[in-house]
Amino acid sequence: MKKIAIFPGSFDPFTVGHASVVHRAIPLFDKIIIGIGQNTNKKGFYDIQKRKKWIEAVFAKSPTVEVKIFEGLTVDYCKKVDARFILRGLRTSADFEYERAIGQVNNALYSDVETVFLLTRPEHTAISSSIVREVARHGGDANQFVPKEMDLTI
Amino acid sequence: MKKIAIFPGSFDPFTVGHASVVHRAIPLFDKIIIGIGQNTNKKGFYDIQKRKKWIEAVFAKSPTVEVKIFEGLTVDYCKKVDARFILRGLRTSADFEYERAIGQVNNALYSDVETVFLLTRPEHTAISSSIVREVARHGGDANQFVPKEMDLTI
Amino acid sequence: MKKIAIFPGSFDPFTVGHASVVHRAIPLFDKIIIGIGQNTNKKGFYDIQKRKKWIEAVFAKSPTVEVKIFEGLTVDYCKKVDARFILRGLRTSADFEYERAIGQVNNALYSDVETVFLLTRPEHTAISSSIVREVARHGGDANQFVPKEMDLTI
Amino acid sequence: MKKIAIFPGSFDPFTVGHASVVHRAIPLFDKIIIGIGQNTNKKGFYDIQKRKKWIEAVFAKSPTVEVKIFEGLTVDYCKKVDARFILRGLRTSADFEYERAIGQVNNALYSDVETVFLLTRPEHTAISSSIVREVARHGGDANQFVPKEMDLTI
Amino acid sequence: MKKIAIFPGSFDPFTVGHASVVHRAIPLFDKIIIGIGQNTNKKGFYDIQKRKKWIEAVFAKSPTVEVKIFEGLTVDYCKKVDARFILRGLRTSADFEYERAIGQVNNALYSDVETVFLLTRPEHTAISSSIVREVARHGGDANQFVPKEMDLTI
Amino acid sequence: MKKIAIFPGSFDPFTVGHASVVHRAIPLFDKIIIGIGQNTNKKGFYDIQKRKKWIEAVFAKSPTVEVKIFEGLTVDYCKKVDARFILRGLRTSADFEYERAIGQVNNALYSDVETVFLLTRPEHTAISSSIVREVARHGGDANQFVPKEMDLTI
């Protein structure tokens, strides 16, 4: 059976921390689907199609990485695409408590799915999408926090 | 003097974790009032009267448990119903830091009130009202996270 | 059935934080047994009989508080003295994680026992037996951290 | 070179905890600018000019403390007023994780700026602007949580 | 290239929590080496050969799991057996902070190695080798905390 | 009055993280005394005179930094050398809880002393003296974790 993992998130925007987690997870899985969760009630800061194009550019040379937009529960999307693994990065202990709750509830909803965690690199620990948006909103240099294939100022 | 405790919350919805805390606290108190806090500025996800009926069904056979809706500060409601104890469940260390701040401020506002904590059971640690709402909103099986006397799909 | 609680610890020494937790718990229980755990492999900093006398002095006017020395698992001592509750104070989130593990294991070993937590008062949050020993060992004024009925310099 | 620090926040309202941090930091710096961050998209609970007047009253006798309103990123304001230090108080470990992320991002944006932390006093650990607003909103006695020069009921 | 993971620990003793992590990781790796770290300065509570036999019994039917005793740094053992992954379970946020430090230092020492984390199951969160030893030392029923193939009373 | 800070620790050994904190604190204080705490009951891993020489080499070009060995409580040493500030680095939230307790107790023992915290740099967050000793003990390359003026292999 192929080892398929979902890397779910809103990625508003995708950061160097996200990119690092996916790149390091490539050897672990046959396929990684970066799943951009769409929330019909909440418009993002960056357009969801733009977010998708940005992430595709980052992984243009990684044949086992796909980028998709999905709606609904992550576990339902896992079933749909036959993924048995959810991939997540861990930055801080606050992250951990949140991820543990989500991971345990996902496991209760779909017992065949397992969440696999990698650490973020030390130099990326402080970087979150919300901080990047805050910097960008006030005209700061936010490009240093996203992969070089992306340009937030356009 | 009778030992009266308030178990305050929005209970939107009441979960198996909440139910477990109250059931285990019954031997400690002469009366437990489950106080559903009403926020006039924020409508809940589930109707507040429905929440009250659900909780009453869960404790139909527990004569020392009452369910009430209240507005305003929890300590003011404690004074009104002569409760000297506030009952809370603890799930995670993030919970703890939040509860400690609330407990200390409540004690500053009304020095006769003491907050009493029980642990949630390990299998309930991940379950919060907000996660249950998220699952329900996306059509997942949320009933496994609430007491069997409740049916979120109706 | 009488509500009996054990407040277990090594109390080497008993601190103002410990005293505050027990005093505030008195209204909750018919009897509180302060159980000084004896570890045959590890001699304490203060003599265990001295620790017992100190705590007895602190609660000389509290008829429902007893002080005992016990060996072995806390849950086994609970069974022996018919206690259904273990009382503990919570200071910090590090405390909480440790206490949660102990509480859940105790519950697995003896399902009739429930751990009840009170918060330490803000001004006692920093005070632990190990810090008091450290201050005393170096000749600092450690008496400010213990109840006035105790004198660590004797 | 003069040692100038910014103490940034929304101070909605300023609390005894904030006041204590600034008073204790006065000996460390030649000048402390209390910077009230203005968010054009979000009106505060208390009027921003009122917040400024309140804080000025608290530090009326402290010649090295100034109160200013600023917009945009804190680091950009630091550059503008030639401040090399950001002053922050730390209450809890949840605070710490948040502050560490902000501090590291600020340092990435402006490498000449250093964040300096003081602890809040134990009796102020539970007090945050959001808890004070919540108490005030429900008619509780919120004045005990703010400096005596302020009166939230006016 | 084969995906080889080390699951390092002292396993004094191996618990149901450890077993669960390894069983769930089997689909991720071509080979998992459970590496019992030997500390020449510190004798364990259970004999290291007994620990090895116990773990071998637990995984008797899992052909991709091996059990080895090793000395020295985990990363040096990784190089020796050509393992690019270190497998670890995460129970609590205290665990997480410790594991993050170890993981980042391991990565600094050997940049080709990546630490992969799985969550412990909620019912195993409280179980650690040190708590199991403590229960066993006092004659409590510690067998409920270890895999059924093991018997701590022998 | 001169601003004198103590940076206390066992520094067994001094790390790049320690060095970074002191270097960044130099602009804040008129004098920084790096105080190596001597514990007469516990011999360190590295000789205390060697530790002192190493640190002196690191700050050979920093005229306001002194290195001293002291015994007893840090606050007593502060009084002796007329220091009103204790300088500490913060790495993780576990660090923070420990430092907060020590800081509050120090303040209770000597109300004129204030603890000032700087963040460790992200790339140093994982590095502690105990991890460095562990790496050195097993023959790993520990020199990458200490300032270039030090050589742990000699």
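Order of writing sets the labels: A, B, C, D, E and F. Residues in every chain begin at 1.
Just so we're on the same page, a residue touches a chain if its C-beta (ideal position, glycine included) is under 8 Å from a C-beta of that chain, and two chains touch if they have at least 3 such contacts.
Computed from a prediction, not measured in an experiment: that's the story for all the values here.
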Intersection of contact partners for chain A and chain E: B, F
Chain F against chain A, contact positions shared by both copies (same if over half, else different): same
Length of the line joining the C-alpha centres of chain C and chain E, rounded to whole Å: 34
Set of chain B residues in contact with two or more other chains: 92-94, 97, 100, 103-104, 122, 125-126
All touching chain pairs, where touch follows the definition stated at the start: A-B, A-D, A-E, A-F, B-C, B-D, B-E, C-D, C-E, C-F, D-F, E-F
Interface residues, chain A side, partner chain B - complex: 72-73, 75-76, 93-94, 97-98, 100-105, 108-109
Residues of chain E defined as touching chain C within the complex: 92-94, 125-128, 131, 135, 138-141, 144-145
Contact footprint of chain B on chain C as seen in their complex: 3, 24, 27-28, 84-85, 90, 93-94, 96-97, 100, 103-104, 114-119, 122
Complex contact set, residues of chain B against chain E: 92-93, 122-123, 125-126
